[in-house]
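Some structures are shown below for you to check.
Both of the next two complexes hold chain A, though its partner changes from chain B to chain C.
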Partner chain A sequence: MFLRGVWLVVRKDLTVEVRSREIAYTTLFFAVSCVLIFAFALVREGRAPDEAAPAVLWVAIAFAGTLALGRTFERERQAETLRALLLAPVDRPAIYAGKLLGMMALLLAAEFVLVPLVALLFQAPLLGHPFWLTGILATGTLGFAAVGTLFAAMLVRARTRDVLLPVLLYPITVPVIIAGVRGTALLLEPELDVALLRFWLALLVTFDVVFVTLALWTFEPLMTD
Partner chain B sequence: MPKWFLPAAALCGVMFVASPVVIAGAPYESTMGLVQKIFYFHMPAAVMFLVSAVICGVASARFLFRGDPAQDRLGWAAAELTVLFGIIALVTGPLWARKAWGVWWQWDVRLTSSLMGWMVAVAYLLVRKYGGPGSEKLAAGLALFGMANVPFVYISVNYWRTIHPTTSVVPTLPTSMGGPLWFCFATFLLLLVLLLRLRVRLGEAHARLDALHLALDE
Partner chain C sequence: MRADFDELGVEELSRHFGRRRAVSRITFNVAAGSIVGLLGPNGAGKSTMIGLLATLIRPTSGLIRYGRLVVDAGHAAGQHGAALRAAIGVLGHDLFLYPELSALENLTFFAGLHGVAHPHRAALEALEHAGLDARAHDPVGSFSRGMRQRVALERALIHRPRLVLLDEPFTGLDDASTGRLVSRLEGLREAGTAVLLATHDLDVADGLLDAAVFLKDGRLVDTVVQPSALRATYRQLMARPVS
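Here is the complex of A and B:
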């Protein structure tokens, strides 16, 4: 029952997105612009600072993610469908989980383009360890989107939602960004430090578990008037 | 206002006036000298920052699940005090660090987690002020997530080099230094209690006024 509710919300969001492609295109374009600005600022005579690539990648993900999070609920509000969604005979946490999975799909798709772009512009061998990179990106994105989806949902009713979302989101997601940047930076080392990489990945997984649980638990009281 | 409030406020004022004298009486620390004296205000402020953050988190959680508006007022009051004591700790810290470590700021575990906690408290106040109707739940949710966040910030930064002294230093202090420290500690604690009481009272008055306005409209 719960999974069915989740699946229905994901399918609805993806159907709307596939028809308009609004969030996917705008988010991707914004993320690419971010990376380009960093490239203009940091790359000198074809050489980028050593640690720049992971930082740029994660900043682009965080910025673009904020934009996408704001839009996905803004769409529900504009079409006056939020109330319908909340009235649907499924568990409230299922709605949250569905929204979260839709957001994950969108951000992972954006990262699919971002990673090669950053690797290219900053001459960083990001694709050297694809499995580790996938693990770090997936867990990091989940942590960021888990907090972001909840806050974006709560902010739908607030007047100043566009300003408040980044204000709330960035202080909370700092550990995710730290772990993501550090983990990705390790992949660029000539010698792979597997033990340290495991630590960052474990930290990301713990963060995901704690924050997804907390979000599922608080979604109901937070979304009830 | 409860009967104890005015005498307690007067006592707190006297203690603050007396604190420079007490601190001046403490001996000089052997390596840092005069600059170490900032510690007598820095540590109590930092502890009160933590205490008010915990009060804010617990009150927010209780408000979120029980819906008691008194807890919400307590949470708001505690968030303001978190920002206030946080400013004191975050200003005195770098002043001391410049002399002791040679730098104003280090991305050390305690510094980073304090700064992030302080930013969450500021975000809480921004939500309360600009969030419009319904922002009290939003702010409570933020406080809850902010509390859960602290261990993660702590662990993630702890993997870098740490230079901040640990709390285990405090019991080993000689009485000549421990005495002034506990005096300042008591002063700050009293200030926290007084300000919290005052701010909660203001919140109660606001709530009463709102209720009267609503009653007039009907």
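Here is the complex of A and C:
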């Protein structure tokens, strides 16, 4: 029943998004704008500062992710459908997991556009090690979305949710952003330091395990008033 | 697995939000096959009571008996969780529907979440029941308030709940839609469902209710069985000071 609940919520979220394309377009537009602004500011005569590309990539992911997190729960708030989800006889953590996977799908789709764009504008060979890059992006995005989905759900009834979400989210996800930036930067080195790369990846996986577990454990009590 | 019960009992139930007493020491019963009204002015605690009974809000004190299952401040609904929620249907003023999805998609989704055996078939039957089978594939966002309300009612009933909680279901409905909703509620009563109806619409509720629970400022004013002349009774009881 847990997995069925997860699947139903993910499928519903993706169907709603395919119909409206609201979050995908706004997230992508915001992320691309962010990258372009950094490119105009930092790239001089076709040369970008060393290691600017990973920082720009992860800043764009974090900002666009925050926007997407806010919008996806705003959608559930407008017709009070979150209450309907909580009233369903599925394990409430399944609702969290479904929302998390829907958010992951959205952010990974945005990253599919962002990575080649950053690589092009910042002359960074980000796609030189696709296996490692996929690992870092997937684990980093999961960590960011795991914390963000929990906070966005908690704040859905708060009047100041738009302000509170980034205030709460960014300090806690600092390790994800640091590990993501450092791990991605290693991929741009001429010699790949696999040991160090494994360290950053292990940090991201640890963060994911801790926060996904914590979120699944706390979602039920947090969502019961 | 879902909870089965013939009676809902509320005993000395309170819910405080900080220093504010949203509901305070309320006691009443709702038997299977009856429609009980929850009546009172704005701020009387009707919606909080619906939230408590729907397991969305934890009681501060007192208890709720769903047959043998007891929910109180020490034993939150989460412990009975899914089994209890499978036996409850809720229709609020907000309709709990996704406007981007069609009526059929909405009902199929909620039927699936409630573990209905054949969600698609159940959704089609529900739409037929609501007289909306011709609009099954239209997005709910394009429906009138009355049509959305009919879909929302079917959403609340798609898993055949033992207890149906309705919060201001008549708001914004025209006479025809109100009449249809009243007929549906009478049908639920005949089918043995316990119905609790929070409403301001005393004219519609008059003659429909088997009992009326009057609330004011979060407190119980009185419970009247087989109420008649509801508006006069309401005025008389609301003028009475609450101890």
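Observations
Everything that follows uses one rule, which is that the second predicted complex is superposed on the first by the 225 of 225 C-alpha atoms of A that agree within 3 Å, B and C clash if a C-alpha of one lies under 4 Å from a C-alpha of the other, contacts with A are read in each partner's own complex, and residues count from 1 in each chain.
The rule is short, and it goes like this: a contact is a pair of C-beta atoms (placed from the backbone, for glycine too) under 8 Å apart; a residue touches a chain by one contact, two chains touch by 3 or more.
Since the model is a prediction, treat every value here as computed from it, not as a measurement.
Look at A:15: by the touch rule set out above, it reaches chain C but stays clear of chain B. By the document's definition of touching, of the two partners only chain B reaches A:147; chain C does not. In the superposed pair of complexes, A:79 makes contact with chain C only, with no contact to chain B. By the touch criterion defined above, A:47 reaches neither chain B nor chain C. Contacts of A:164 after superposition: chain B is touched, whereas chain C is not reached. Applying the stated contact rule after C-alpha superposition, one finds that A:214 touches chain B and leaves chain C untouched. Look at A:198: by the touch rule set out above, it reaches neither chain B nor chain C. By the touch criterion defined above, A:5 lies against chain C but remains apart from chain B after alignment on the C-alpha atoms of chain A. Common to the chain B-facing and chain C-facing surfaces of chain A are residues 221, 225. Those residues of chain C that touch chain A in the shared complex are 2, 51, 54-58, 76-78, 81-86, 88, 90, 92, 94-101, 105, 109-110, 112-115, 139, 155, 159. Against chain C, the residues of chain A that register as touching in their complex are 1, 4-5, 8, 12, 15-16, 19-20, 79-81, 83-92, 220-221, 224-225.
Note for the complex: chain B touches chain A at residues 64-65, 116, 119-120, 123, 126-127, 130-135, 137-138, 141-142, 144-146, 148-149, 152-153, 155-157, 159.
Within the complex formed with chain B, the chain A residues making contact are 147, 150-151, 154-155, 157-160, 163-164, 167-168, 171-172, 174-175, 178-179, 182, 199, 203, 206-207, 210-211, 214, 218, 221-222, 225.
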